[in-house]
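Following are the structures in question.
You will see chain A twice below: alongside chain B first, and alongside chain C after that.
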Partner chain A sequence: MTLTASPPSVDGGQQVGRRRSRRASVPYLLLVPALLFYAFVVLWPTLQGAGYAFTDWAGRREAPGFVGLDNFTELFSAPAARSALRNTVVIAVSTTIVQTLVGLALALALHSALASRNLLRTMFFAPALLPPVIIGFLWQYILTPAGPLNDALGAVGLGGLTQNWLGDPSVALASVIAVIIWQNAGLTMVIYLAGLEGVPPELHEAATMDGAGRWQRLRHVTLPLLVPATTIALSLTLIGSLKLFDQVYVMTGGGPGYATETLSVVMYKEAFVSGRYGYSTAIALVLTMIVFAFALLQLRALRRFEVQR
Partner chain B sequence: MTIDAARSRPARALIQRATLGTALVVALGACGFVNSGDDSTEDGGSGGSLTAYVNTEQNTGLAPLIEAYEEETGGTVDISSATTDELNQQLRVQLTSGTAADLIRVSPGNSSPVAAGVLGREGELTDLSDAAWTDELGDDTRALAEVDGQVLAFPVSRNAIVMAYNRQVFEDAGIEVPTTWQEFVDACAALDAAGVTPIAAPFQGGIFFQFWVYALAGTLVYAENPDIDAQLAAGETTFAENPEWGEVFARIAELRDAGYFSDGMLGIPADQGMQSVATGDAAMVLMVSAGLPQLHGYSEGGADAFGVFALPGNDDPEATMVPVAPDFLAVNAAADPEAALGFLDFLAEPENVAAYANEMGVLPGLATDVELDSDVLAPIAPLLADGRSVGYANYLWPNGDVQQTMLQSGQEWLDGALDTTALLGQLDAEYAKGQS
Partner chain C sequence: MSAVAVRPSTRRRWTLPRVGAELGMLAVAAIFLFPFYVFLTVALKTPAELARSPLALPSNPALANFTEAWQRGDLGTAMVNSVVVTSLSVVLLVTCGSLAAYVLARRATRLSYGTYLLFLLGLMIPLQLGMVPLYQLMRDLNLLQTYTSLIIFEIGHQLPLAVFLYAGFLRALPRDYEEAARVDGAGSLAVFRRIVFPLLRPVTGTVVILSAINIWNDFLTPLLYVGGSPQQTLPVAIFAFRGEFASQWQVIFAGMGIAIVPILVIYFLLQKYIIKGFASGIKG
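Here is the complex of A and B:
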């Protein structure tokens, strides 16, 4: 028997095409309700909010006036806002670096046969489960001049190290950063622990057979395989610290003076204390762009490492 | 057409229609075109019922009065409360969105975006000028309740800035209550020599720092020149040019430089500052009278362990002024005012003015002659009776930003990072911005 393959007729081809096209469109149609919801709840308010950044909106009934780029000019010229911008970057960079290193160190230390590892993991992760506001109040109390930290330092003969942790402008920002790292290092640890679970033991065995020591195995086997976890940890930490608000507002309110003010704190005060919603929205817009730029740069840089691996 | 195709087409059509239908419902619902079926309306707009949104202190003081009002009139008051900060933040949005209560707590003067002066000029508040109780407004309260000749706010109470001191500490150091600035400085020196922190300074956040500015400005600035606010507004003087304002900060600097404030003052929160006075580690703290019950609660001796006096600003005991702040209620202009006005009339009855003041341990809002249970504020009563009271200095500044600058830059000034000229210059800049 001879089988001949003949091309489908033109009409038949069109029908198949239409059928495929209809079938292909069904998943997209199913997305429509969610997309519409997203558009109304997220996109439209976001765009509207961005529009207010160019107005003098004060939360009143009358229509706000268009002020062009005045709000942005003020943001980059006002000393208090510039200080907040600088503090935000300092917090973001230092928190991201130190928290990642601390989280990695904890993960490496607790990814072992240590009998108490689960207890220790729980202890280190517990602060991340507490609301930031509670953390803020707790540490505000601990760090007062007559608080438990100074008392403890004095009790162990380290009275010379006591500080006015939140009241001295030269120390307050570092204190805030330390609290943030204390709270979130456990979260970074968990991310790295998950990454370590994905490192095949046979690679370590092979490296050991090749004569690699502990440090060489860490440097050339473990760390390269932890790059995806590092990407996640760095991204979450960086974004979280750039928009940091709760702990700062509770512990210092941005003070003393302007020593610990961040863009988020200034944004909040301008909107809800001063009623300058337009200016506050401009700050929010700039903050959004900064977060976006930092996150994009970081992702691109780390992806390169992942590809090389 | 295949059988499969015949079966699947209606199914696809059904999915497509359902999808589009859902999308339309979501879209129209989001736009508010779809009746959700919830046609219920708030029951309470008639029959003497009203809604109120007040701060937590007012809520406590009003609770028994609301009960009495409801019993007496048959009306209802649906009250909700928040801390003053939270209320200030939410009320602006509520007014703009038309969801604000009938009766609302407003700040005095122009001190916040929801102050009587600010909302009054925007037409958000009902004119209360025809109410009988407006005759009972004291001068300093009237100055803040009136906007463009209309009374727009009702004072449920007044708070005074007073120096609270630990009686035992004063007694142990052999100190009498000072009545002049020099006596005050001498008292601080004696306390310091006795090993006690003379003045608790919980200046974290700046709230307690501002009391020093207002207390000294009352005597040094407003008693000397009652027209200072008008002159500032007219540009006839500035904070930096005005010698009295310079003197206010010179006085505070004198105490700071002598080491009479708590060590690490910028890191001390309010409660710890008050506790240090209660325990006797510090001798006194400048605070608002509304906070006295909290201070008393830190000591086993309660109110008896403490005394109060008006902070002197100069060496004339008769010149000392007491800064006083009214705690206001106002009627939302968008509300049906009848029930709210009736409730305010009820609150203005002398027995109710007294009941609120006694419940909260505060000064009566109206200048009504009432009997107070507590004698905690008795030491300043003669000054108030003599009319030696003055509103807080910040109330008639153009907006809350000048105060905010004072709070934040004031901390830098206390820390020595900013000199007085620079601080006053910043206040002037913010003041000018507020007027533009």
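Here is the complex of A and C:
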């Protein structure tokens, strides 16, 4: 979301404001309540955490000892953390790509004159509002071996496709990803629908008169105008899916084995089950670096894309 | 499916491709909504019916699961907790966030812009990095298992989004009214309360909707702070509930159904604003 942040405005009122700034300036004092909450909840603990990542802190009263990069060496060699590292990236990349495509397809379909479009918009967006914990348990049941999904597949003659969706290490991660996309595709759809509303119909009419077909209009008129919406949808999905915790924790707890472990889940377990605070914050620090790295990467890619147009 | 034909047709005529598109979309919707069908039917089944088939309709829909879930899960208390935590957090968040953004949008100094960026950083930093230190801090202050700990956390956690939305809106807002009021001698706080804040109504709506949903659904931090206590919020209560009822899915689903009713009711009443809030809010 920071991608769309604008620098301080230098609008028309600025000059006037500066001239009478002595009288008209807003006191910094009004910032204090927000800064106190923000510093207490985010800034201070985050800085502390970044420091603890280099210690063997176990939460007891004695002072934590400095261990240099030991936590990170362990992270890159321990099976749980390594699997989590890989899964976190796989989840983020696949969720972001598929969810954006699904959301775009839904938005294009429901931006048309379908009679059911309002009802369907409401329905498709609903899962995004529900608690991830509840979505997790709902799907946990749906995906049980003797559960509704396998039953339904059998009923429509696709019995060969039945799986132990969350119990088989080779399909569990894909199942989790599918659930995340099911829950959040409606959100991407809503963002794209707002973007589509900003596409002037005259452009389409002009393109049609120039002989552009339906596909050409989509490719050369609609999609270029959806770049801002894409930026928002991508960064939102990317950052959210890198931090993914709730659905994984309630559906699989990271299992079977380490098949669906994510950095957030491993971090939680190391901290609050094993009590290894130092190591767990090291995991969190790596997660933070990954979030920033992906955000930068995306920013550069989209900039290039926007310039190319 | 026959509902398609019954719907009052819009200006366009029912051509064959159009009927095909409508039916195709309804088929997509049917697959998409399959989980909700499971949700509803399982919650209405007896254990024996559920064991026989996870898919079939309940022969004699009964509310027994709902009464059992409500009584044994103590969901009423959890719902009250969620209402208290969400509403107090949102009120304080709106107050602090709008005031802060007012300063940041009206002051064109480097300090002001730096502070704004500092807030935006919070949109990206995973809460995991500060999770353990903050947990310890709350414990040392004896705030664990209280509403206070959760409310403080939620305000701090949601502030970046609130400041971002308010500042964006304020920058586009003309200053004429506030400057006129200042000329008349009103102080900054008075100007904000009487002139500026009322003008912020549209963005306040967005902030309230987005943060209320985030806070209501939040799970990880509430689990840490109030899990297992009488102060636990709905998602935490449902998590405990799932452990307690193990494989009695019909009761678990009934409990989850009770937990989402408030969200669904509000969604269907205010869906226009909610969808707009998500679409426009995130755009800033």
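Quick note on the criterion: the second predicted complex is superposed on the first by the 265 of 309 C-alpha atoms of A that agree within 3 Å, B and C clash if a C-alpha of one lies under 4 Å from a C-alpha of the other, contacts with A are read in each partner's own complex, and residues count from 1 in each chain.
By our rule, a contact is a pair of C-beta atoms (placed from the backbone, for glycine too) under 8 Å apart; a residue touches a chain by one contact, two chains touch by 3 or more.
The structure displayed is predicted, hence computed values, not measured ones.
Student: Does the superposition put A:A50 against chain B (first), chain C (second), both, or neither?
Tutor: A:A50 sits against chain C, while chain B stays out of touch.
Student: For A:G254, decide between first (touching chain B), second (touching chain C), both and neither.
Tutor: After superposition on chain A, A:G254 lies in contact with chain B alone.
Student: Regarding the shared-chain residue A:A146, is it in contact with chain B (first), chain C (second), both, or neither?
Tutor: Both partners, chain B and chain C.
Student: Of the two partner chains, chain B (first) and chain C (second), which one does A:V133 touch, if any: first, second, both, or neither?
Tutor: second
Student: Please indicate which partner A:V190 is in contact with in the superposed arrangement: first for chain B, second for chain C, both, or neither.
Tutor: second
Student: Based on the superposed arrangement, let me know which partner A:P200 touches: chain B (first), chain C (second), both, or neither?
Tutor: Touch partners of A:P200: none, neither chain B nor chain C.
Student: Of chain B and chain C, which one contacts the greater number of residues in chain A?
Tutor: Counting contacted residues of chain A, the larger count belongs to C.
Student: Tell me the contact category for A:S280 with respect to chain B and chain C: first, second, both or neither.
Tutor: A:S280 contacts chain C only, not chain B.
Student: Just to be sure I read the superposition right, which of the two partners does A:V26 touch: chain B = first, chain C = second, or both, or neither?
Tutor: both
Student: Output check: A:D246 vs chain B and chain C. Expected answer is one of first, second, both, neither. What do you get?
Tutor: Touch partner of A:D246: chain C, not chain B.
Student: Can you list the residues of chain A that touch chain B in one structure and chain C in the other?
Tutor: Touching chain B and chain C on chain A: residues 23, 26, 30, 33, 37, 40-41, 59, 141, 146, 272.
Student: Across the complex, what residues on chain C touch chain A?
Tutor: Of all residues in chain C, those touching chain A are 4, 7, 9-10, 12, 21-22, 25-26, 28-29, 32-35, 38-39, 42, 53-55, 95-97, 99-100, 102-108, 111-113, 115-134, 136-137, 152-153, 155-157, 159-161, 163-164, 168, 171-172, 174-175, 179, 182, 188-189, 192, 213, 216-217, 219-220, 224, 234-235, 238-239, 242, 249, 252-253, 256, 259-260, 263-264, 267-268, 271, 274-276, 278-280, 282-284.
Student: Which bits of chain A are touching chain C when the two form their complex?
Tutor: Interface residues on chain A, with respect to chain C: 1-2, 4-11, 13-14, 16-18, 23-28, 30-31, 33-35, 37-38, 40-50, 52, 59, 109-110, 112-116, 120-134, 137-139, 141-142, 146-148, 151-152, 155, 182, 187, 190-191, 193-194, 228, 232, 236, 239, 242-243, 245-246, 249-250, 263-264, 267-268, 271-272, 277, 280-281, 283-285, 287-288, 291-292, 295.
Student: In the complex of these two chains, what residues of chain B are touching chain A?
Tutor: Residues 5, 12, 15-16, 19-20, 22-23, 26-27, 30-31, 88-89, 92-93, 95-96, 112-113, 122, 204-206, 262-269, 272, 276, 399-401, 404, 408-409, 411-412, 415, 417-418.
Student: Tell me, which parts of chain A touch chain B in their complex?
Tutor: 19, 22-23, 26, 29-30, 32-33, 36-37, 40-41, 58-61, 80, 140-141, 143-146, 164-169, 252-258, 269, 272-275
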